[in-house]
Each structure stands twice: as C-alpha cells, then as structure tokens.
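Two complexes come next, and they have one chain in common, subunit A, joined by subunit B in the first and subunit C in the second.
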Partner chain A sequence: MKFTITREKLHEGLGAVAASIPSKTTLPVLSNILVEATKDGLRLSGTDLDIAVSTIIPAQVDQEGATTLPARKLSEIVRELPSAAIRVTGSGEQRVQIECGRSKFKLLGLSRDEFPAFPAVKFDGAWRVQAKELQKLIAHVAFAASTEESRPILNGVLWELRPDRMRMVATNGHRLARMDVPVKGTGGQADLIVPPKALEQIRKLFGPDEEIEIARSDNHLGFRSAGTQIFTRLIEGPYPNCDQVIPRENDKIMTTDKAAFTAALRRMSIVASDQTHRIRLAFANGACKLSVTTPDLGEAQEEMTVAYEGDPLEIGFNAAYLIEILKYAPTDEVRMSFKGPERAMTCEPVGWDDPASYLTLVMPLRLLD
Partner chain B sequence: MATVPRILLADCDAMFVAVARMEDPEGAGRSPLLVVGGSATSRGVVCSASYEVRAFGVRSGMAIATAARLCPDAMFVPVPRQSCGQKGRELAETLALWAPVVEAASIDEFYLDLTGTEMVYRGESLADTSLRIRQAAHRATGLTVSIGGGTNRLVAKLAAERAKPRPGTDGTGVLVVPPGEEGEFLATHRLADIPGVGPRLQATLGRYGLEWVNDALRVEQRDFEAWLGPRTGSWLHERIRGRAGSSVEPDAEPKSMSREETFARDIPDAETIEAELLRLTTRLGAELRANRLAARCVTIKLRDVDFKTRQASRTVAEPIDTDRAIYSVGRELYRSLRSRRNVPARLIGIGLSRFEPLLSAAQLSFLADAGPAAALETPRDRAVSKAVDRINQRFGQDAVQPARVTGRPSRRQP
Partner chain C sequence: MAILPDAVANQIAAGEVVDRPASVVKELVENAIDAGARHVRVEIAEGGKTLIAVSDDGSGMGREDAILALDRHATSKIVVAADLVGVNTFGFRGEALPAIASVARFQLTTTDGEGDGTEVTVTGGRVERVAPVARQRGTTVTVRNLFFNTPARRKFLRSVSSETRAAWEVIGILALSHPDVGIEFVADESARLQVPADQPETDRLGQVWGRDVVASMIPLGHAVGSVRVEGMIQRPADARPTGRRTQLFVNGRPFRDPGLIRAAEAGYRSAIAPGDRPTLLLKLSVPPGDVDVNVHPAKLEVRFRERFQVERAIEEAVRLALGGLDASATLAPGGGSAGWASPRRPMAEASGDAAWLPFDQAAPAAPDAGISTRSFAAPLFQLRDTYIVFETPEGAVFVDQHSAHERVLYEQVMADFESGAVASQRLLLPITIELTDEELEAAERVGDSLRRIGFEFEPFGGRSVVLHAVPSPHPRFDATLCFRELVADLARGRFGGWANQLERFAATYACRAAVKAGMPLSEPEMRSLLVRLFATELPPHDVHGRSTIVTVPVDELERRFGRR
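Let's turn to the complex of A and B:
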C-alpha cells in the first residue's frame, strides 16, 4: 500500500468517519479505521456495529492495499501535521509509515481481516431522495427522539417514505416533532425506525445537492452517494400511532414572535425548578403572563403582548421543552394552539414559504395548586 | 478549637421479642424461650429471638425449621409488624427530644448527633446523657435500648453492641468511647465485627492470618491495597484505626420499598403466584403513594423450591405509582423469570426504587392516548388508585381490593 494525499483531504475524511468510531469498545479493531488504497482513491471506513460509515477521498495511489489504523492516533497526527502532502507507505500488513515534510511516524494497526464486514444491503432498485429534503426532515425532527432506554422504540425516528412524500416523526411522549415534505418519485414505500445518531451522520456527510440511494435489508438501512456510504441498524417494533394524538379541536390560538417568547421563557427558567422546569402561562386579552414559583428558591413574573384568540387559559409547561421546540421553528413567528390545561399544545410556523409542513407538540405539566 | 463529634447509636434490645411480649403478656410474655418469625412449622425465617434462645445457636435470618430443631421447647410467634412500626415511631419521637439530628438506620436502630450540645447539657458527660436517654426511652416505650457513643458512627455502632446487657457479659446498656481512644477500642475487636467486613473479606484476610484488629494494625496500608485492591485496602486501613464518617443524616428519603411473601407450601402454578403478586403490589402501591412518591424501577424476587433466589428489574421511562402499572411491569418480570426456570416457588417479592417525588411526575404524556401498549399508566389508573386509597384510609387497609385477591387469605402462617 502506497499513497499520497493532501493533509486537508485526509483530515476531512477522518472527520467524516470519526463519529462512527466507538469511544469505548471491547472489540479492539472497532477503535481502528479501515484504510483502503484503491484505484478510485482512498476509502476510509469505521463502525460501532450499529452504524457504519465509509467515504472515499481523492488520493494519488501508487500501490493498492489495506490495513486498519487506530482512529484517534491517526486523527491526532493528521491534525498536528503542517498543510502539505502526506505520504503513507505500508510496510507489512499492520504497519504504516506516515511522512509529511520533515515529520515521520510509524503506526501499528490491526489486520484488515479483523475488521467487521459491512451489512449486506443490496442497492438494486434503491429509492432515490434528494439529500437536502432528507436533511431538512432530520434537522427539524430528530431532536425530539427519546434518550431514555426503557422504551427503545422511541429512541428512533419514524421515517415514512411514500412515492410522493416523506414524513418524519419523533417523540419522547412529552413533546413531538413531525414534518412532511412533498417529493417527486422516491420509488418506494416503507416505514422505517432509524436511530438519530445515523440520521445525524446523513445530515453531516452528504452534500445538499447530492442524490442519495437508499436500500434496506432485513434489519439494516443503507444510504449511498457517489463517495459516501452509511449503514445503520433499524429499530424494530410498532411505533405508537402519533396521528391520533395530534389535537384537532384546539380552539385557543396564540401568535407570537419566536425570539421575544424564547427570551421571556429563558428569563423565567432561571428561577424554575431544576427538576421540572415548571412555568405557568396565563393567556387573556392579548397578553401572556409568564410566572414561576419554586419553593425554597423564589419566584418571577413577566408579561408580554401576544395575539391571542379564545377563552382565558392557565397552563403549566416544562420551559425547557418550549424553548427547545421554538429553537427548531423555521420562522420568526409561531402559532400555538391550546384546548385546556391538561391537553396537548401544538406549535406551527407562521408565514413559512416552504412546501413542507411542520408541527411540534408539547404536553403540559399538571398545575397542582 | 475544632468541635469534637458526639455520635450515639441507640439500638433496641431484641425489639421484636420485646414487642411480641408486650402484645401477649400471658403467652409470649411468660416464655423465656421465644422466637419471632412465624409458627414452628412455617417456612419463613427467624426475625428475632430472645437471648435465652440465642444460647441454643438460633440466629436472625435462620430458617424457622432449623431454629425449631435447635431449640424445640421455644415458643414461636408471628412478627407483630404493626406494633413494631408503632413502637419504632414512638422511640424515634422520644430520641428526637434529646438530639438535634436523629437518623433511623433501621426500625430498631437510631443514630443521634449531639455534636455541639455540650452547653445544652451543661457539660454533662456523654455517658451520663446517654444513660438519661436510655431511661427516657424505657419510660416512653417500655423498650430497653443500648447506647454506644464515640466520635464517629463506626465507634458508636461497635460500642452499642458491647453495651448490650446480655447474660454472661458485663454490658450495662451504655458505653461511650472517649475521644482519642478509638484506636485502642477498635483493637479489642475481631475484624469480622467491623460493619462491611463480610464473609468474603474475612476469608481473604484469614488467608493472611488476620482475624483480630490488633493483628491487622501491623499491616502497612500498601500491603492491604495490594491484597484487597486500592479502595477496600485503604478503607480497611482507616476503619481498624477507628476512623470513619460521623455524618448523621436526618430522615433520609427511602431509597427502596419492598414486600415479599414466603408461601406455606411450595406453589407450582403461576396463577396463584400472580394473585399473590397482585396482593403484595396493592400493599406496596398504597405505601408508595402514602409517601407521595412515584417509582421508576420495579424488581421481582423469586425464590425457587431449591432455595435458588432469582431477581429481575426493569426501569420504566415515566415514574409510575398506580397498582395496575406496577403490577403489569412486575408480572412481566415474573413471567420472564419463570420462563427461564419453571419450578415451584417458595417466595415471591416485589420492590420499587429510583423514586421521584409525585410532583415531578406531573408531566403529562400523550402516549396514554396512543393506546394502552404505549403508556404504562393512564389517567384512569391514577383515578382508580386515588379512590381506592381514600376508601382504604377510611375503612381499613383491605376494604377495597382487586377481585382476584379477595377471598384469598394471606398464605402467611397464623
């Protein structure tokens, strides 16, 4: 194996694969990156057995070959090298020499035969999706997936792929995000539950204008473009029917400036309980009164002018959930709808000039007094 | 000048035996050979035994059948749980009159922190104060307590043990180790007497010829660390010199709650065991809600016919506090244990842990509306539990029970 590559390209390639390398593992080869010098360039691959990422970067390959090298050490070396050509030469199957300017390293790796094979996903008849459409869904929905281990199905994002549209839904039972994007001819129909970590890689590693091919095997999903492949394990099981929890009878509507409302919520949060982040909102006569009372700590109040239609309402929320959904709202103005103090609130963008439709939902905190 | 910690441990002498005697002065009250735990033919374990029975080798935790063999003339009575709980509370109230901080270590053991109270007690010695506390506790509850004192919890605990007025010992009920004499006091103990030195550690120490604290004092810390690992090594090095923590925490929140039942005979069928599990769950759920807590972890304990004890736990996403939710998790755990080894059971138990105050459990979840498979607990469950609690508070513990449990008396031996 012998190749020459620019420091920038190698750094970029290692960065792309890094997120799939587990920080702790009982299988030593998983801490390594599979480095393959091929006639098409340099292919770098990493996996934690749940997600596998492989990317190809331009390199001058003088002699084909492959080995695995410790990912962290290799990244640290490349990070510290000057911006110049790097020459990598294999000596034996598990040893490479790295030269750049006047620096020289010898690094020990493990045989490529020890590196696990990637999931066998066949791309014949794959679905095709524009990366930017998929990335828009991921960027607005994946945050809402649960991080609790007790209900594994909610640790995934539900991705409904249809011939003419795509939808993603994620929730932890307290708050939910859902987005629909109309698309042209994906060529497929599937309901998939995908780990958010894999979706994050898809968001980062594909260029927005790339077309991504997507295919599945029994329990894996594969994504590929010209240079990059990502494979992920799918989460199995029935996803809760979230359609039926989206309220249709919410008759109290508040429209407000996202930034102003977020700022008020942040101020109230300072005095809210660290455990519950409980705040109280009272809507009436074009005003929203925010207040918080935390025993042993103190209290705070603030009033802001909002557009509000409907009967007066007092409702409690976890302020952190509200701040979070506002952060992902794509417009400066949002519309929130309510029914009662123990019913779901929905939040939608106002004046969004995008064919996608986006909705978030937050369940209240019960006000005990 | 730094304040010298003044820590006491008040330990009730054979509390279960004493309370059983108070409850039945004509029967248990007249029997010097008394075992509390269940009838002589029951399959439970000894909860407590009178000093006279202990002379026969009977110990707490021993199977009742073994105790009956060792001391066939003893009288065996069930555990007077309610009265013991009541007496424990009375004792805690009395002790709280004497010390600013009282921590219940168990139903019959209380740590008292009297640090900084020298002026309150007008310079009285800690031993004299302890003696007065002991008399006050007896007057208020009829129970005899032994009190050990010192500058930390370890010394207080060992001193209380030595203070007990057992037949054949010179215990007077109070023993206070003066500050500075902790090491000397510890040196007269076996290593096994130190709480935390269990059978495995004893066996390891035994291999190095160490049985007494006095012998162990000659061992360098680095040797202990090499033999026992750095943590245990340095821990033991400190303990045998009488150095330990002195913090007494008032009214610590419970970390777990559990209920278990030993069957009168081995139960082969799952239906009966599940009905018993439901009965235990309703008791445990009521206790949980009475403490205004919700739990996130459910544990099932199953003891098989051959005494093999198995456990399974599950942590759920949302804290739960209703009987139906707790039971549904518990039953699933029981079934998974049983599917792995399907043999008759001697004992079933259910425990709850990872508590959160009910207040923080008030975050509403919409999964309750997405079908029962999605949510463990629904608003209906909460309404049912609340109503049942109110009725049972008014008309007695079992006034309302699940239909499956009613008419199925406890399998505990009379």
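Let's turn to the complex of A and C:
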C-alpha cells in the first residue's frame, strides 16, 4: 500500500469517520480506522457495530492495499502535521510509515481481516432523497427521542417514507416532535425506526445538495452518496400510533414571540426545581402569567402580553421541555394550543415560508395546590 | 402503740434501700464519691454475700461523725428542706449506712487526716466497739454476712454469679458517671475493672462496655435551651435487634427512663432497619432546679420540669450526630471505627457546640455533614458503576449511588408530602401494566399515596391498570419499572416494620425510584447526587439502616502501606 494525500483531505476524512469510532470497546479493532487505498481514492471506514461510516477522499494511489490504524493516534498525528503532502507507505500488513515534510512516523495497526464486515445492504432499486430534505427532518425531530431505556422503541425516530412525502416523529412520552415534508419521487414506501445517533451522522456527513440513496436489509439501513456511506441498525417493532394522541380539539390559542417567551421561561427556570423544572402558566385576557414556587428555594413571577383566545387556563409544565421545543421552532413567532390543564399542548410555527409542516407537543405537569 | 425502735426502723429502711449486695455497693461507692474520693476500691466475695469492702481516699470522718453517721438521718449533705431542691450529691437522706449496718456485720474505718482514725464495729445494728486505729485519710466500709439476721431476705438472694453481675453493673454505671474517679473492682480475688482517675471518657467507656461496642459508636453533642445532651450512640449499621445497652445520666446521676430512650430511637427514624436497637449512652445536663431526683428511693427515676424539651434535645442530638460523616461506616480492621484508635477529646471538654461534630470547620447551626461541596470539585470516580469515590482531607470516601439516591428521594418525598408540591408528568402514551391480584389490591389500598407522589392510574379491566401520569424524580427514572416494583413491595409487605404508613410508603418509593447499582453515571450526575445527598438530614444512612458512605481513613491507608 502506497499513497499520497494532502493533509487537509486526510484530516477531513478522519473527522467524518471519527464519530463512529467507539471511545470504549471490548473489541480492540473497533478503535481502529480501516484504511483502504483503491484506484478511486482513499476509503476510510469506522464502526461501533451499531453505526458504520465509510467515506472516500481523493488521493494519489501508487499501490493499492489496506490495513487498520488506531483512529485516535492517526487523527492526532494528522492534526499536528504541517500543511503539506502526506506520504503513507505500508510495510507488511500491519505496519505503516507516514511521512510529511521532515516528520516521519511508524504506526502499528491490526490486520484488515479483523475489521468487521459492513452490513450487506443492496442498493439496487434504492429510494432517492435530497439530503437537505432529510436533514431538515432530522434537525427538527431527532432531539425528541427518548434516552431512557424502558421503552426501546421510543429511543428511535420514526421515519415514514412515502412516494410523495416524508414524515419523522420522535417522542419520549412527555413531549413529541413531528414534521412532514413533501418530496418528489422517492420511489418507495417504508416505515423505519432509526437510532438518532445515526441520523446525526447523516445530518453532518452529507452535503445539503447531494442526492442520497437509501436501502434496507432485514435489520439495517444504508445511506449512500457519491463519496460517503452510512449504515445503521434499525430498531424493530411497531412504533406507537402518535396520530391518535395528537389533539385536534385544542380550542385555546396563544400566539407569541419565540425569543421573548423563551427569555421569560429561562428566567422562571432559575427558581424552578432542579429535578422537575416545574413552572406554572396562567392565560387570560391577552396576557400570560408565568410563575414558579419551589419549596425551600423561593418563587418568581412574570407577566407578558400575548395574543390569547379562549377561556382562562392555568397549566403546569416542565420548563425545560418548553424551552427545548421553542429552540427548534423555525420561525420567530409560534402558536401554542391548549385544551385543559391535563391535556397536551401543541406548538406550531407561524408564517413559515416552507412547504414542510411542523408540530411539537408537550404534556403538562400536574399542578397541586 | 409505740414508736418503733431505731433498730427496727433501720431494718425497714434497709428493705427499701438495700435489697441485694449490689445496692450496698452502690450506696457505699456513692458515699465515697460524695466524700471527694479520687480512687475507690471495691472488693466483693461470693457476689457480696460474704464480703463487700469499699475503701476510698476521700475526706474521711472524725470520731464524733463516725459514730453519728450510723444514726438514722445523719447526713452532712443537707441541712434544711430547701437544700433538697438542687441537691448535687448522690446520697442525702442519711439512711444508707444505718440501714446497711442493721442487716450485716459492719465495720467502718475512717480518718479525716487529723489524729488517729476510728474503727466502729456494728453487728445487726448494735454498736459493739469503737476503737482508735491507724489509717490514711479516707474511709473503708466492710460489710460481712449481709442479711445474716434477716433470713427471709437472704433466701431471696440469687446465685453468686448473678449477684456478682449485678454488682458489676452498678460499678460500670458509677465508673461511667465519674470519669474523674479511679475505680478498682475485685470480685472473688480477681480484678474485673481497673480504671485510672481522669480517664478520657471514651477510653473508660471502652473498658466498661468493651472496645468493640464503643468502636461502633459515634459521639453526639447538642443543646436545646438549657438542656444539653452529650454522649455516644451506635451507628445504625452496627445496631442489632438484641444485646444493646443503654445508659442515661442527668447531671452525672444515672437514671432510667424508657421514654427518653424512645426519644433517642426516634432520632434514628428512617436510618435504621426496623427491629434493630442501638446502644446508647446519653449524658444530659440541665439546671439543677429543672430536675427532681428525689422521686424514687433508689433514685433510679427522675422528673424533668421541661420533659418535652429534654425529649426534643435528645432526638435532635441523635439526628445531628447521625447526619455527620462520622456516622458512616469506616473501613478498618474488624470493621470497627478507625477513629477509635486515635485518642478523642474527652467528653468533659466538649463544651463548644461543634466540638463533637466531625469536620467542624464551622459550628454547624443546621444539620451539616461537614463536607463542603468544594470537596466534590476533586475528581469523582465511579467504581463498578455503583460506588462514587472521592477524596476528602480525612481520606477516601465511597458513596453507594443507590443508597445515596434513596436517602435523597426519601427526604424529598417526605417534604413533598408535607408541601403537596409533587410534580406529576402527564403521559402522551399511557402505560398499561398487568398486576397480580395482591398487587392490584395493594395499589388500590395505597392509591392515595401513589397519587400524592405523582402516579395517576385507573383500573383498565381485569387486573390491568393504566398509568396516565408519573412522577419524574430524575432523568433516568423508569416509571413503569418503579410502579411495578413499588406495588409488588407493598403487596408483599416489605418494609413492614415501619410503624408510620406514610414513611413506609416513602421508603419503598425511594428504594424503587432511585438509580440502581450498576448504572453508569456521568460526572455531573455524580456531583449533583453528592451535593443533594449532603444536603439531606442523614447523609450517611439509607432507609434500610445500611450505610450510604464508607470512608477509608488516611490513617488506615498509611498503616496498610507501612508508613506508620
């Protein structure tokens, strides 16, 4: 194996793969990056067995070959090298010499045969999606997935792929995010439950204008563009039917400025309990009163003018959930709708010039007096 | 009708004051201490049935007083009735000596250090001989053949070993109440106790109660108003259901009071396994005018003017002491306290409020384990995903994350019950849970409590319930699992020993809602848990009476590495 590559390209490629390298593992080869010099360029691959990432970067390959090298050390070396051509020469299967300017390194790796094979996903007849559409869905929905282990299905994001639209839904049972995007000719129909960690890689590693091919095997999903491939394990099982629980008869509507409401919520949270973040909202006559009382700590109140239609309402929330959904709201103004103190609140953007539709939902906290 | 002759009156008095050899020992040693003795030697033979001899180096008596002492109601301790209030000496009725002399072959040898001593020999209450004798300053009383002239009483004496044990109990209590006096106790020619004068109290307690017991105890010190409580109490983890000892003193005077022992046990509430009884040594100081010690002939019971305040002082003192890191388990040979090896300040010096509280950089006004949150700035380390390890100036501290969280949640739930400020998260997707018949019944029985901590549920046909809202005590909380385990525990009567239903419920919930052992925690999570643990009332104890904290003292490390 022998190739020459610019420091910048190698640095970029290692950065893309690094996220899939586990920091702790019982299988030593997983700490390594698979380095393959091919006639198409240099292919770098890493996996933690849940997600696998592989990317091709341009390089002048003089002699094809492959090995695995410790990801961390290789990245550190490349980061510290001067901006110049790097020449990599394999000597034997597991020994590599790296030369750049007047620096010279020899690194020991592990045989490429030890590196796990990537999931066999056939891209024949793959679905096709614009990266930016997929990335918009991910950016607005994936945050809401559960991190708690009691209901594994909720640890994933539901991705409904249809010929003319895509939808993502994520919830932890306390709050939910859902987005629909109209698309053209995906060429497929599937309901997939994807780990958010894989979606995060898809958001980061594909360029917005790339077209991504997507295909699945029994329990894996593959994403492919010209240079990059990402594979992930799928979460099995039926995702709960969320359409059923999203309220349709919420009749109390509040419209407010996102930044002002967020600022008020953040102020209230300072005095809210560290554990429950519970605050109280009271709506009436074009005003929203925010208040919080925490035993042993103190209390706070704030009143802000909002557009509110409907009967007066008092309702409790985990302030952290409200601040979070507002953070992901794509517009400066948001519309929140309520039914009662024990019923779900929904939040939608106001005046979004995007064909997508976006909805977030937060379940209230019980108020006791 | 005739007035009883003195001899008969003395024998009747003897019935009240002197019922067994141990009470003779008690009266005589108390007299010696009242006489200002620095050293008292007590010797008995055959449980005191044949011989009781008590010698002291106290003030002694002249010839006149020596003879007078054997008259009923002869006393140097009070003169007028008003002296009875606030009496500080042990004896004061003037009944003991004549009563003892009336039922034994009695000999009193004494000198006040001026001129010859006096030896008075009395048999069955009749003075037989008064003779001059040479003796150093002090008094020796020798009692032989106790009850020789009252065969009925003699028959009621128990075996030699049980009478010896009773005398030993009496000596032990006296030794504890007078650390300034050296005491030697010899039974059937073998030395049972030999303690020097002015001994540190913890050393003395170790000799009297045994070092193992004392190593499992921690000091306490607390004052409420004019009531001050000091002493030693056992760590909850070392307490057992049987074999405990308790001893109460007020102003140095031993007394019995089950009510005050219960007050101390109330201080252990939620920190000790049900059924375990801690060993306690409590020394109360109250103004002499606030306690009446003259309500029982043997002065075993006392009356407090402000009883409620005394109980409160004791309960608070126990609670405060248990809140200290000292109350946690230490890792030292034999599982005892390594703190014992280093000499502690004697209790007598513990006049400053914080003197007995560990880590006392500042006098803690509120419960304070003394570990400042600063300590947690040091690296935290999670051992086996179960124990949080950090360093303090005293050594390495291990905290069991589950036990610690249990303590935090328990106190939080109890506070929430009081304030009603429970946050209950409504669920978007209600959870259906299948229960057994017993569990369903238990869930319905404690339905109110479950709702008060935030579980909203309703029957869902058959044995299922559906959860609509759940508490959310921490981000890793698994509501489904917690509800299942909680209901199962309640159905099986776990924590059945807890008297208070609300406390039992809170303990069960705390146990089930807490993070489990084996759960990896991030460093901020560990830090937050420690901060919250040390903000609780009793950081070192979980709700099962186990320790939440184990310390490895620097001393112990140095010893194991051969540095000392």
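In this text, the second predicted complex is superposed on the first by the 369 of 369 C-alpha atoms of A that agree within 3 Å, B and C clash if a C-alpha of one lies under 4 Å from a C-alpha of the other, contacts with A are read in each partner's own complex, and residues count from 1 in each chain.
The rule is short, and it goes like this: a contact is a pair of C-beta atoms (placed from the backbone, for glycine too) under 8 Å apart; a residue touches a chain by one contact, two chains touch by 3 or more.
Values in this document were obtained by computation on a predicted structure and should not be read as measured data.
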Next item on the list: Identify whether subunit B and subunit C fit side by side or clash on subunit A in the overlaid structures.
Entry: clash
Next item on the list: In the overlay, answer first, second, both or neither for which of subunit B and subunit C A:Gln275 touches.
Entry: both
Notebook entry, point to check: Which partner does A:Ala344 contact after superposing on A: first (subunit B), second (subunit C), both, neither?
Noted result: both
Note to self: On the A-aligned overlay, A:His11 touches which partner chain: subunit B = first, subunit C = second, or both, or neither?
What the structure shows: neither
Note to self: Taking the superposition on A as described, I'd like to know which of subunit B and subunit C A:Asp296 touches: first, second, both or neither.
What the structure shows: second
Margin query: Per the contact definition in the header, classify A:Pro364: touching subunit B only (first), subunit C only (second), both, or neither.
Written below: both
Notebook entry, point to check: Which partner does A:Ser146 contact after superposing on A: first (subunit B), second (subunit C), both, neither?
Noted result: first
Note to self: Which partner chains sit in contact with A:Val245 here, subunit B, subunit C, both or neither? Use first/second/both/neither.
What the structure shows: both
Next item on the list: Would you tell me the residues on subunit A in contact with subunit B in one complex that are also in contact with subunit C in the other?
Entry: 148-151, 171, 173-174, 176, 240, 242, 245, 273, 275-276, 318, 342, 344, 361, 363-366, 368
Checklist line | Residues on subunit A engaged by subunit B in the complex (per definition of touch) | finding: 146, 148-151, 154, 171-174, 176, 238, 240-242, 244-245, 273, 275-276, 318, 342, 344, 361, 363-366, 368
Margin query: With touch defined as at the start, can you tell me which subunit A residues reach subunit C in the complex?
Written below: 147-151, 171, 173-176, 240, 242, 245, 273-276, 278, 293-296, 316, 318, 342-344, 361, 363-366, 368-369
Item checked: subunit A contact footprint on subunit B (complex, rising order) -> 314-318, 356, 359-360, 362-367, 369-371, 373-375
Notebook entry, point to check: Can you list the subunit C residues touching subunit A in their complex?
Noted result: 412, 415-416, 419-429, 454, 456, 469, 472-481, 528
